[in-house]
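Two complexes follow with chain A in common, the first pairing it with chain B and the second with chain C.
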Partner chain A sequence: MTTADVYLQQVINGTSLGAMYALLALGFTLVYGILELINFSHFNVFMVGSFVGLGMLELFGVEPNAAALTGFALIGVLVATFAVTMLASGLLGVVIERVALRPLRNVKGPAAMITTIGVSYILFNLVLLGVGADAKNFPSPLPSISFAIGGAVLRLREILIWIASLLLMGGLTYFVQFTKMGKAMRATAQDPDAARMMGVEVDRVIIMAFFLGSALAGAGGLMFGLYYNLTSYVIGFTTGLRAFTAAVLGGIGNVPGAMVGGVLIGLIEAFGSYWISAAWADVIIFSILVLVLVFKPAGLFGRLAPNKS
Partner chain B sequence: MPRETPSTEADLLLEFKSVNTYYGDLHVLKDVNYAIRRGEIVSLLGGNACGKSTTMKTIMGVVRPTRGTVLFDGEPIERLSTSARVRRGIAPVLEARRLFPRMTVFENLEMGAYTRKRGSEFNEDLERVYSLFPRVKERRNQLGGTLSGGEQQMVAIGRALMARPRLICMDEPSMGLSPLFVEQVFDIIQEINRQGTTIFMVEQNAAMALSIAHRAYVLQTGVVVLSGTAAELKENPSIREAYLGELQVNAAA
Partner chain C sequence: MMTRRSKLMAASAFAVVAGLAFAHPASAADTVVKIGIDSSLTGGDANEAQLVTNGALMAIEEANAAHLIKGVKLEGYVLDDGTATAGQYDPAQAAVNARKFVSDKAVLGEVGPEMSGAAKAMIPIASWANLAMITESATNPAMTDPAQAAQYRPNGKPVFFRTVATDAYQGPNLANYFADTLHVKTMYILDDSGAYGEGIADAFQAQAIKKGIKILGRDKLDPKAADYTSVFTKIKEANPEGLFYGGVLQAGVKVVKEAYDILPHTIKKAGGDGLVGAEMFTGAGYPAAEGWYATQASPHITEDTSAKDFMAKYKAKFNKAADDYTITAYDGTVVLINAIKQVKDSGKPLTREAVRDAVAAAKVKTLQGTVAFDENGDIQDKVISIFQAHEDKSDTSCKLEDDGCQFKYIGVAPQS
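== the complex of A and B ==
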């Protein structure tokens, strides 16, 4: 493998990881943009999503030693698994908002944020109780096809992650830019009082932000399983913190910022692991988090404090 | 055309009956009564912190009265959500304009029509706003936050019109505008009123407000201390002293 091949391989790995972080980062950013709330329960909505995905695949009879699917069967299983996982995760986000956060809507201070940490631990422990502490094998319906590009290897799973992420991020961008609800979300993020005065039902906008963010996190959880071929109740915290760093790096509250931030963090992880060691990747990522918070709290693209008048 | 005839119920578009509004323990509006008839421009005058914006917030449902009734079109609305009030035909022009800064002018106008269906009426309303404010049309793809103060006020008024309201509540439309713009804005307000929309307008600029209003109320620390036709109030000595200082200066010059 030449150096160029190695770098290409890191780009392939980094952008796949990064796409996953970006999906997760979007959930932080959507909710923060509207409520100025850092939603730590998001970490474990992602984790739950990966288990929902696992359950769906098992339901479809995808097992570690089963023959890989092809053609329409493969596409059908993938689409259905993504759809159910996203729907279930999205609804979980809505339930969290409704049950744990809405009662605190008008409470000032860190109460809501601390509640999200509590909810995160509840999900964490529920899954631990339900499935146990061992990492679970995550069967893949994908045939093990790979392409050699020079000395680098591009596998089907990376192509799947790219395509799914592009579709989801494209869909989200379209939704936020062009639909009536999307515009109401942007208006609410920019000036909630004025949005309410236009007749926007702000509670519905908040529910939508939780639903979309959590659905994307669920898709991310499914991708995590397909990428690493395993999942576990602990994946929420490490992956979630990296994605949170991505959101902060891109400017929390800023939708395109979260996408770019996610891919950057993925690339930093891939190249950091290669140049130094995997153990150092988190050190680098969280040093970036600290540096951004200290020197550029609004992130690369800005948008920390929505304009409060 | 101030009407001297006593108003009948059917004439009334908006009515406050002994409205009391609080923020926590702070009693802001105290047994306030207003009666706004269809087709009028009514101005609400008063010094700082007397409850003018609170009046507007009480109409829009941002705060709710603790006691008293707000009637719109003869029906009590004080328990309705803001969104339901907008649907019934009340639209605000907010204090300090409050455009959505990172949305385009066109998107800001769309937000004004949020409670309405997109269709031929939307296009008619848009054309109406563009013909009242050609400048808004020119700027339709610019971000709200990058407009000048006067342009923002035009968009804010246009945004209210997009709701096809029967009543527009304006909170200090002249605030922070140059005298030339103030005059333009007031001309447009009159024009909008002539086209049939009732206007309830908070103003610190009493001289300008009384020049276009049919009637006015004067609020002092949450109590209505005076009301009457604009002509009466212009002649009232205490008004002249308290709010029309600049008129006297002008007269002396």
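== the complex of A and C ==
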């Protein structure tokens, strides 16, 4: 491998990782934008999503060491698995909002945020009890196709991650910018009281934000499994914290910011591990979090936070 | 309302219980002696922890059934040093467990812990209480190093004993095998930043350099991170002939997976005993696990005729195949029980100190041979066995989660 090949490979590694962070970061941003709430249960919605995906693939008979699927069977299984995983994770997000957060909606202070930490640990321990502590092999229906670009290798799973996250992020952007519900969401983010007076049903907007954010986290969890061929009950916290950093980096509450932030964090992690050492990846990423908070608290693209005066 | 049948059942259940009580009239008066058993039942090494814990419990049960120690009923006191947040052994939890053992007066000895990182936290606490600990698999050399006596035996005498060799043999002997038998010239080294992982990687690296192997790089991994692809891209660029990973399975399964995905398949890959566990095959699985070398810091016993009965009994009882560290755990428990028996039979009061002294002087015939310790608590016969993971589809009796048969025995590693 020449140095150029290595750089290209690290870009491939970093953007694939970053695409997953971006999907997860969007959930933080959507909820923060509307409620000014940092939703820590989001970490483990992502983790639950990867297990839902695993269950779906097993239902479709995708086993470790089974023959890879091709053509329409592959696309069908993937689309169905993504759809069910996203729906299930989205509903989980809605349930969390309804059961644990809505009763606290008007409580001032950090009560709601602390509740999300509690919910996060409940999910974490439920999965631990349910599936056990060991890492689970995540069967892949993907054929092991790869393309050589010089000395770098681009695998089908990376292409899949890029395509799926571009589609999802494109869909989200369209939804937020061009639908009535999206308009209502933006209005609520700007000024919930004014939005309510204009006839926006704020409760529905909040539910929608949780549903969309959690569905994207579920998709991220499924991608995680397909990418690493592994999942475990611990994946939520490390991945989630980095995605949260991505959201802050891009400007929390800012949808395009979260996407760019995710990819940036992925690239920083890949090149940090390459230039310095893997053990330093967290030091680098979280130093960036601190630096951003100190010098550019609104993030690279500015915060689109509620206008609460 | 009780039906006639349930009345009958209740009556017969009562009869059975009463019968049992009468069969051992002395049992009510027996002193209860507890044996602490500590392993990492939560996290990435859970399966192996269950195997060794069951091994220890089996030895206790057998001793009770045979009424080995008159007037004493043995009880296993099982604690878990793994935590959900650590995802593997957690030194803080291990320290809490050590205090639990020490504060329970009935606990006269401990089997375990399974992990070196846990042992380092437990030993200083056990030392002040003179509580003998016999580990089945904690192989980091520091704990029995006389130069570190201030840390690990603040109360004077060693309390920590092992029925396995240490990484001062495990790492270097495997390095000898890589240099002399596999003729590997260049290597890359990884560890999982844990006490065990760093130690064995250092020991491997030092001996490899001595043997003329060129070390192309060394990296530490965060065991909880998911993504090692950029590290493996770096390793691919360095293009070594061999890869050594020091660490346990939380990072291990990801290392095995991603190494297979990214590195050329001709690279010879190895780890220490930290890779020996069901997760290697249920988590990483074939084809990624294929060809990985691993060691055990004990003789290979499970296929020996001396262990045939044990293996059959264990399988019948727990429906899982025992591996070598199940046997070292069983052996350690036997040594501890023997020490308790010796003290009891000599008529001296059953104290932790007396049990510790009896363990230190032990010479007990066990499944792996005669176990005796040197003045630091290390086992006298130090043997390192080498294994290689290999999928044998024709062997249907070997289940995927039975690491004992998925790792095929290669031989004893060359001693320097």
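Throughout what follows, the second predicted complex is superposed on the first by the 306 of 309 C-alpha atoms of A that agree within 3 Å, B and C clash if a C-alpha of one lies under 4 Å from a C-alpha of the other, contacts with A are read in each partner's own complex, and residues count from 1 in each chain.
The working rule: a contact is a pair of C-beta atoms (placed from the backbone, for glycine too) under 8 Å apart; a residue touches a chain by one contact, two chains touch by 3 or more.
Not measured: the values here are computed from a predicted model.
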Identify the partner contact of A:Ala184: answer first if only chain B is touched, second if only chain C is, both if each is, neither if none is. first
Output check: A:Val84 vs chain B and chain C. Expected answer is one of first, second, both, neither. What do you get? neither
Chain B versus chain C, judged by how many residues of chain A each one touches: C
Contacts of A:Gln10 with chain B and chain C, given as first, second, both or neither: second
For A:Met198, using the defined touch cut-off, is the partner it touches chain B, chain C, both, or neither? Pick first, second, both or neither. first
Contact-wise, after the overlay, does A:Val131 reach chain B, chain C, both or neither (first, second, both, neither)? neither
What is the shared patch of chain A, the residues that chain B and chain C both contact? none
Provide the residue numbers of chain C that touch chain A in the complex, in ascending order. 41-44, 46-47, 82, 84-85, 87, 193, 219-222, 224-231, 233-234, 236-237, 239, 249-250, 253-254, 257-258, 261-262, 278-279, 282-287
Spell out the part of chain A that touches chain C in their complex, as residue ranges. 1, 3, 5-6, 9-10, 13-14, 16-17, 64-65, 124-125, 128, 132-137, 153, 155, 224, 228-230, 232-235, 237-239, 269-271, 273-274, 277-279, 281-282
Chain A contact footprint on chain B (complex, rising order): 60, 62, 81-83, 86-87, 92, 94, 96, 98-103, 107, 110-112, 114-115, 118, 145, 159, 163
What residues of chain A sit close enough to touch chain B in their complex? 180, 183-184, 186-187, 190-191, 193-201, 307, 309
